[in-house]
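Naming follows writing order (A, B, C, D and E), and every chain is counted from residue 1.
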């Protein structure tokens, strides 16, 4: 049941993009096309889960025991940067097709605050490792959901001749705002 | 100075140096700020306790299981000299409109609520957040009431509490948190004596 | 290089939020009030100036291949310094900004300026650039915060300007997107004329 | 007959039928003083003149040869002197190469059998029939003007199973096929038999919409004496006259996207074509005249005329008692797919099935509004396309999208535009999309 | 002078204007009921919302977009009336105007105007108001027939609100039911709620009219309501003491208003029948999810907005059946 709460909570109730404002840059930047949105979502799922596991282990077996809690930010961001590099190298060797699909998005993820954000939140919320993994996966799904919905809408808007002043980022933010309004319907579900 | 070459030794050395300097600098800042951070935290807690209890000069901390036996609540017994002036209970509810609500509730010895304070909540601004004394007088009605004869339920549910307009859920959550504190407080009183 | 232009470009012409569309996460996340926006903006400015300074100082000592990791370490250090300092001396603001303080480290503006500007320019230019960009960021966040605060609760910087029921939605997540969307549209329009 | 009438299943509309001239028997129109004969009367390459200025030609004499594999011969519709070989106005509104003949008398080529007798017996074999049809310049008379002989030669590996004769005449107003069936039913059936022989098929079905009960009864009665030919009555629905829709309606077979009817074993010919085949094969008569409906709400005498090719439209209109004052638009063909004419001097060609005079108030398009995404265009599209999307793609130059969304499948029936509540000129955009995507595809193939 | 234009040369007699005014006519019964039960206040909100919607459309078209002014096409009027239908009759006037501005300015004209918006304008406005002014948007005047005189309205909760409150407080359905309006009252409109949602009969009348006029098709309403009945029916079957019965769900909380007038909005619903069925299913499912497990007692508006966002994806997935292409065969992409 706890896991259920985490899943529904992360995907719908407090969606990482629409309620927590994390990962907005790729949300605005990448979500122009459906195919790239799915690719980005996949890459984020991969890195976010991995990063959460590694940072969790580091936090509880290194930082906390040695009183180095204040090093959290610096350690986590380095871990994520290194992870992205590693994932890129490994993926290239092990699964070229997957690398082809996700490769271009990997460098972007280092500066995707959703990854660092989820890693830190996992610690802040005092999740167990397993809960953290579920939390990371759910948030990645929530991120992908928002991204994919958004990509569909923006591909549609490409054909709609939006007024000049609103074209591009303003209308994207407006859509995000209305989407966030709609997502408020999930309030109180968990 | 010419640009350094990207030789392996150079790279490792640079990274190591940068990291070491950073770690040192951070360590320094950490040492300097450690004290103020602890004080800030303590101040916040004390402020909360102060707002729900009469004057005191000393606090003792204890933890007790709530009646459901799931979570322990933190009690802060306050003393003025040797006299116990009351207990502040850090309590919570998960029945909030959008998540947990944390309260501090101060009880006098006989179980009368001296005052309440909201520690954290995620209730809707303009609605549920009126449980905060800064936003509305909702919480004033609990002052000086003894739950023995003041039913900690909203009127709609047959209690004595006037709910916040259009925010029954938040009001109910508030009552639930206070009630949890009260029940634990009562149980503990019996147990301790 | 004209340092005046270097300084002012961040406000309108190359405003990191309205024009370059960088750092949107904190922009949306912390601007429920003007003071939060300003606080976040100043915290970011500090990190920007300091990291620009350090990066431009040591740019020649860093081999190209480890440039980015080194920059990240430098930036993260300053972020942590800000984090600790705020926790110690402005605990309320620290709590309001929450997660977004450590997240300054992944704010594209900071790494972007270090990489695109400070690693190529003189120390002085870099500091001015960081200051201009940072204050431009703070300016944008404060405006957005003020707009949201005014529409959402009738206040600006906590000062009550309007009474009565206001549009709570602007304090909440949807209002952040909507207000920023229209602000950018407005800025586009102003920039053109 | 029980159950629902057959029709095609996807999309379709039912505009007001307005068959004003349905009861007007075919009249033979007097010869024109001058016949204007454009060289581009068929789908494919234009024909090449083989006569010179000043030559005297007899009716039925070959005056232009097919200009390629998909092209057709043209014969003199009148006798007289070739006045000039020059650019002449045609239905497109442009001036294109053509031959102008000054009519003198009515002297026919000797090989043509001008007797009124109906000749039943088919003497030629398959190959000879096709050769004869080719020689006599036959093209599809329904409006598409695809050279008939080409359709009769299935590509290697493909076998025809059914011959469908299109007597649907789904366009509002037009009645030329209807009258032809009533008055020349026997000839049509013989023509059908000839086509069956040419195609070596056992079965032929004549599809007629049930707003022409007299034609259905008449043809059914006559068809009894012809083996393998049956008449199928169909529910009225536009565009049932489209080849693919007719095949779907009659046989419930679906021609795959981008393919020809022969893919599902069918060849479709118009009733007018079947009549022309009869005349060409049995009477040795080239395609020099055809039935043309002259109609319109303000036309005093809506009529059906047997007209020589090359007769200027003005003479047809005069024969229908003149051009009404209120005329705003003159259409060569039906109201759904016909072309608006720029001048009355445009001649009747092989594909002209009707001249429709629309009144001023009917001829203006309503102002275009915003698409409200009602998707009515999608529901009526007989090809299952999304016209609103294709039109948008074409308008914004997104031809990749238009191609992926199958713009090339559009049959230009106009149902979408007819239905659109926002009066968007969808078909204009679709045509643009088709042209551009067609060019893109050709360029791609070249590479 | 001859007119020359491409084919086709004739046009059917449908027009945007006819469709829009058709919707307006369909709303007349519900308008009458709202005035009957909520009195002059209802009239005030109706007029204000309509006039404000048309005014903002004019203002924006003329001075911001600087394009043709099309306020007479009826679409702004429809939005205005629907907005009025979605708020309580005692909503302060300035909030009604804010709602109209949000509906027209934000949800419609920012996207370019009629036909270009993603989300149903009236619903965006409703949710915007609901979140912004929770108190005013959730105090519902009790309906009292206008013939009983124009006394000040007493406010009370909606039936859904009563159920939600009751169940949250640990009551069972059989304890709550006496507080609820009877089915007959719900059919006629004698219950608390938004102006346009109270009378099932009036809404159904309007729906039938639009079906006959072919302004809407049955697909979205039927699949939406069927989903609601089946889903809430299953829950009710399992535990009738803790879940309201399906008929109750159907008749309350704007379910019919949403199904007939909002979810069927052409602009913001899918283009193909298959897509519409899925859309209706999604709306129905989300509505019940939100009603039962969410914090808001009423879920239709959120559900429709959420599904509005999915429409572009549905439109990609549900293409019409193409002639000559076997279903399921991949369309070649270049």
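Keep in mind that, in the parts below, a residue touches a chain if its C-beta (ideal position, glycine included) is under 8 Å from a C-beta of that chain, and two chains touch if they have at least 3 such contacts.
This is a predicted model, so every value here is computed, not measured.
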Would you kindly count the fewest steps from subunit B to subunit D, each step being a jump to a chain that touches the current one? 2
Which chains, if any, touch subunit C and subunit E both? A, B
Counting hops between chains that touch, how far apart are subunit A and subunit E? 1
In terms of Cα-based centroids, which chain occupies the most central position? E
Farthest chain from subunit C, going by mean C-alpha coordinates, please. D
With chain centres set to the mean of the C-alpha atoms, which chain is at the far end from subunit E? D
Quick check: more C-beta contact pairs at B-C or at A-D? B-C
Approximate Å spacing (C-alpha centroids) for the pair subunit B, subunit E: 43
At what distance in angstrom does the C-alpha mean of subunit E lie from that of subunit D? 49
Between subunit A and subunit B, tell me the centre distance in angstrom, where each centre is the average of that chain's C-alpha atoms. 30
What is the distance in Å between the mean C-alpha positions of subunit A and subunit C? 21
Which positions in subunit B touch two or more other chains at once? 22, 26, 30, 97-98, 124, 126-127, 169
Quick check: what residues of subunit E touch more than one other chain, meaning two or more? 106, 116, 128, 131, 134-135, 295
Subunit D: positions in contact with at least two other chains: none
Touching pairs of chains, which are they? A-B, A-C, A-D, A-E, B-C, B-E, C-E, D-E
Considering only the defined contacts, which subunit B positions touch subunit A in the complex? 22-23, 26, 30, 97-98, 124, 169
Residue positions on subunit B within touch of subunit E in the complex are 97-98, 124, 126-127, 156-157, 165-169, 172
So in the complex, the part of subunit E that touches subunit D is made up of which residues? 2-12, 14-16, 18-19, 70, 73, 75, 113-116, 266-268, 271-272, 319-325, 331, 333-334
Under the definition above, what is the set of subunit A residues touching subunit D in their complex? 158-159, 161
Residues of subunit A that touch subunit E when the two form their complex: 34, 148-149, 152-153, 155-157, 160-163, 165-166, 171, 174-175, 178-179, 181-189
